[in-house]
């Protein structure tokens, strides 16, 4: 309905292959970015920033990472939490070694460590597929969790076995640590996420994205037309882990401010996987929708009774949240097994052909 | 009476002019290889220069004819202009014609040189080569599949360009000289009329005629070089040629060629033409699609659509005509525009259409009003090949469903006692090529062109066409019988694709009906009605009942019109096959050839009038792959209720 | 050098020095292996018949045990509670079939996998809502399960066998035997085997797919209950058990997703392997390697036999 | 069809989304005391009684006395599931509502909140958990962890063992002490002190880490215990790890009266599942067990009997329930102190900090509030935010806990240097760490 | 010069040959000492009854199966067995009996994947969408559009292949193989399951490919009429062994073939 596309024609391949070929989408994204970068920082409360938006953004990035691997390359991984942890601990060590280097640079760098580790744990993918691979990645998850506690060097021998985020400044403004304002951290997270997602979108529209999807859709055929499976799969593991690693580093440095091994446990991996699947495998947008739903819903549910004036015990609310979340997951899968992103796609398609049904 | 059209009196001169003043503006866009490849006016002029030199080198001379066979492609239009540069006359031929149909024009015009699109056209020309000894050169645009063709006549378009560029290098001033030699009164192009009856006639049109008419209409509609037209009808048809050659050359606007027939809708949606032409058949097909797709929509959308289409029917036309409409209604319409009309225009690719024309045959008033009501400025125009199209055009704000508007600047109209329309205009053709007898018949000594259409001017001076003079008939009781009017009324129902009405010199009106396979098929699926194919579907009782309802509604409408109340349809049958141009039942422009049909299906007509319940037919049909087969079926004949005339009812 | 010694020599020396501990380790490994195998068995049953990778198997173990204990806490006699729990598992199977499997039929595996995640959440939430989140003590005594242990002096030391572990092994064997009979001797069993090959084949046996799903989910539920009782008797009944259920996953890699003998043998190998690993090699890296050692065993194994323990070599076709 | 669901869903989400409450206006007539609890998740068994105890005692004060100093206490629970992210979310949701004090009830959450406390001016009370080093008031003005640190606990455990072995620490020489711990920050914290003592007094230490996923599967580890035959076992366990360890110990045949758990491994639920085998298991404690106190009777009367509590009858008097009460007592007493110090009725976080910093609960005071002998005397000062109170050892008799030792004071002179060093280490690693500029209150009440 | 002569002239020396290739699967013999060669620019058909080992032969040719015995000669190089990506790199393209398209991707993307071997873009260039990546993408898009145009699939360019009818999917698969610019194209039953019209189209496309790009074509086909029409030489397999080899006419009149194949034809 709002997609009035008449007159949007492409006279060059560059325009035809643009990320957002439809004008309305470009406007939409521009509006969203404007809101995210300007309106939100001006109006949102600290609670909204700290407990809703920053977590959603960070988790979206992790979900994007997993989506690159699972949704685009078809390799199911349950090691996301571990890879996020690698990023977080790497970042912590980097801040120790290079205390004067810009923290944002270090956060991004820590992604490379995660990528390296991810590649190593991606090696089994050369021989095994599907759920077998998923179980193999669990090995990564548990092994890494174990390392995070068992190698005290990683957390600078802190007695608490946890990593504490030091206060780092940029242009005289505290960026990390307790004194950094929510808005600052939010803007940094937003910028990093936006940039990395843009890069992911670029990758997905180019050669690499296509080879990944080819491997996902039919790896044998892909091999026979000259795609080297092991390179492709390992690259997918590396890039995916890079994203997870950066997300992990941001999670600690720009969101929680502190973390220990348990912050990156198996449940974290599952949570990210939920986000990806509920959001939509093979959709970058889906990663955001999934993260927003899986993270946001419990918060909404938690505060709903207050708002509605009901006095329900917090534990009951939490238990009900589990049930509701579970039911919703099943419900969404039944309504649209391909996730929220597909729902959006369908909705968009409806709007494009409105008033027709197809 | 030739109006002065200034110094730019030929198309080649216009081309050079555009290349100079708006060289960087797009002249032609073609969706090719996935994107809209753009030819600017400069590029077009360069291409034309090379081609013209090539043609000259190959022996094309002033006054020669050159054949063009192909779809709307920039190169076809470039070749057309290149020929004109040399003073040769391009003869566009229908690309979907069978080989045999091409022989006559080529022989008639002694064509030596042809530019064709692809292997398909090459094959056709090679097939008739023995009958057309004059044909010496065939240039093909797309070399696909032609690699091993060894005929000496064949050469590729690219080869022609090579020859041309060399020639151009040898004599750089050649083209300008040749163009200078051209004058407005030179023949610009020759179009063969599709010839519903006799052999085709080559209509010779001068530069002057085409340019004058193109300008007259462009001025009237305020066309500029910013307008965009989508070229999708055969270039051999004068209508398309006017819109995709004469008018862009006159005004400098851009034409766009779709990628293929399958992608036309998408391509049109992408390009968003601002100036659009469609014969009623196309508009009808679009509306049928709209109706079908809306039927598939959910209940809410259907209700929304129905509601707002109601609003549109009431006030849409008036708003478009800038007539006074109440504020509440305007708001209501604006809401509809947001929710329904705007999106509808968008999916039809017509959001940007400023001016849309329909012509070629009478358009059903409901169909016509539909487009106007959703805010598309659809207007009727009247014209023919012989008149360079523009005779009458409905001016903005004075649009009526049943007229074709007043005469365009420069046109004089008058009527014979038999109500035949005569025309005198600067756009009139020069002659029928090599057919002085026919020329004489059509164009009298005073320069009046006899159209063969029956009509009259209404109170506002708008021309109203009833039918062909020879088709307008009378029932036994002298009641007026205008078959096309009835057929159009029937065809407005999405379920009816074609209708043929009989009644002249009979006691009542009967009709053949072709159901619309897509629409009825859809309808049947919704009712879980299984069917195997067209014949089966058409023989279903449910379908007959559906069509009976349609016919009865037409009858009810007719009853309200005192003049036509007597020509209500009493009986009809659903034909066992779809009428087809390949079987000669339709013209290439898909007009019903009523006489031929009446002859071919005489037994069916007799059965209708004999009051039989059903009739057995055996017929040969040609399948799409060219094979033929035998159909044998019993067709049921249905009776439709008729209604007393409104006047009678009022009296009662 | 020292490192190589401590990896390749020292552990075996230890085994030789204290053979009773070796026997004890093997026994403990076998016992936990039996429990892993039982969980894996539940997975396999469901995967074989419906192609669903049932992540909820772990929570079903907890849920079943919790229901049993919870009912007993509310005054229901133990055996009645046991029967009621079986009924609850049947209801669960029916509910799963209606609410998840049927609407999601023919969806990709990963979607069904996700749906069982959803089921996991629902069961966690329901379990806590109904029975509370606090851990409960398994009513092993009331159920007539033995407690205490046998102490067998041997090999210059002693080996201690928990009676409950022996019972677990016996019950597990009975269960496997029972399943074997059901699979091989009954109409449902034949249908089950047929459905593993092709859904249509199953229909020709005259049993609907839906019925088969209910049956396998119910069977998996009963297996879960048995597992829950055993494991609950060993520690207690709490939601933390769920994570133990993940141990069934390496078992599945090892044994294959569709092989019942694979699940059992795989379970035993993993159980013994990780206890041995923890006990003899764990101290090298500070212990606590049990959490991932099982996966390493499975992975190493996979590198040499990608098709798993009992899987056939896959010939890929195009 | 799907679109309809989407629209419906969006509408519902919109309605609910709008409902996230904006920060509440500062209530003038009550004092907000958020309680971070975990009644769900794998640690719920410990979380539930503690939450109930805290909630019930404060509710009792409201019901019986109309609050503290005439001002009602607004008790609000926030469910953390013992997860750090949830805890931080809880903190953020309360931050702007001016809470008096935060009770994270999780070491992980405490660690995450420590740096935030001074920035947001909200004191954090982590009663005998969290970061031991935060006892150093000079560096951590906003953090309080009375009555004991884990190092105190470890020193007491060793002191108890030494006593049982017949006297002083020198009796430990040549002994082997096994340390089974939750493999995380909490469990690892006492290790430095244990190693110090081992070095100094010449005993061996064997480590048995329990990684979180293995909490309920410890048999491999206990085989190691059987092999190493430690003379004593000390446990720093949590949640489902405790009962499993006690059961495994019983199975392995380890003498349970040589197995001491820290105060977080001393719940009835920890020992009960082992059945008869659990008899003899020891654990440290700093709060009394049992319901026979006037204050607890008041709770039963004013709160539980009125149906204003989730507490089942038989939970009252259990160890962790009483732990919760003790936590609530610390809060209530600190509020009282703050009110006296400032003269205000309704206090804020900064006032509360002062109250906590001058907290003193003497034996007498315990008696006054109807809990005679319930806990050790607590004395928090500006420099010492812990107090290093005494702890006693209790033993499971198969049905309940029985106190089997006197109150044992920690080895302060060993603990304090370690604390200072740890605080220095923490501050050093987290530069720039804010310098304390909150003045100390000289007044002692 | 007739068209047939023009074609015949183009056929050159053998480019691909198999010599005594044997392949077994766990004791089952799929191919037994099969030898034949394929000449430059020719259309070479492999026919035989079901289970004769035709697909296995193609799978050996492009390295998907490793033969236990025998050699493959390709452009003067000898291979004991191919590796799939080596075959692809050396210009052996392939379509499959059961369509092996990437179902989740559009027609355009599927064909673009076929260009993969020709593309050099690295992670960095693509992630930042640097001019190099952009240029390469456009350059290859151009090549792909030529193929789209060639196979007349413009109207489905943006359609996910999963939504296409069977016949079109086959065409897209051919397009994808063509995108590799193979010198030898292995077609595994390109016309299986098509109706008459689709078959005619496909025949035309196969011949056009052979003609226009000069691609050597090895195809397996069931429809004898089609095979005899379009191939230059035919190999007949039965039970994994070669029983005849020659021009369509020779093969047609070979008694062994008549017995083995035509005899059992439906």
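All chains are identified by letter, namely A, B, C, D and E, in their written order; residue positions are counted from 1 within each chain.
The rule we apply is simple: a residue touches a chain if its C-beta (ideal position, glycine included) is under 8 Å from a C-beta of that chain, and two chains touch if they have at least 3 such contacts.
Quick caveat, the model's predicted, so the values are computed rather than measured.
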Chains in simultaneous contact with chain B and chain D: A
Pair of chains joined by more contacts [C-beta pairs], A-B or B-E: A-B
Chain located farthest away, centre of chain B as origin (C-alpha): D
Most central chain, judged by mean C-alpha position against the global CA mean: A
Greatest separation from chain E - chain, by CA centre: D
Euclidean distance of C-alpha centroids - chain A vs chain C, Å: 32
For chain C paired with chain E, centre-to-centre distance based on mean C-alpha positions, whole Å: 49
Centre distance in Å when chain A and chain E are each reduced to the mean of their C-alpha atoms: 41
Whole-Å gap between the CA centroids of chain D and chain E: 73
Where chain B touches two or more other chains, by residue: 34
Chain D: positions in contact with at least two other chains: 39-40, 48, 183, 209, 211-213
For chain A, residues contacting two or more additional chains: 12-13, 16, 142, 145-146, 150, 220-221, 224, 266, 315, 319, 322
Partner chain D, residues of chain C touching it in the complex: 18, 21, 24-25, 28, 31-32, 128, 132-135, 137-138, 141, 147, 149, 151, 160, 162, 231, 234-236, 238-241, 243-244, 246-247, 274-275, 278-279, 282-283, 286-288, 290-291
Touch list for chain B against partner chain E, complex: 32-34, 144-145, 147-150, 259-260, 262-263, 625
Residues of chain E defined as touching chain A within the complex: 62-64, 84-85, 87-89, 93-94, 96, 100-105, 109, 112-117, 119, 121, 123, 126-129, 133-134, 136-138, 141-142, 176-177, 180
Residues on chain D engaged by chain A in the complex (per definition of touch): 2-3, 5-6, 13, 16-17, 19-23, 37, 39-40, 48, 51, 77-79, 81, 84-85, 88-89, 92-93, 95-96, 107-108, 111-112, 114-116, 118-120, 131-133, 183-185, 188-189, 192, 209, 211-213, 310, 422, 425-426, 429-432
In the complex, chain A residues that touch chain B: 1, 3-13, 15-16, 353-358
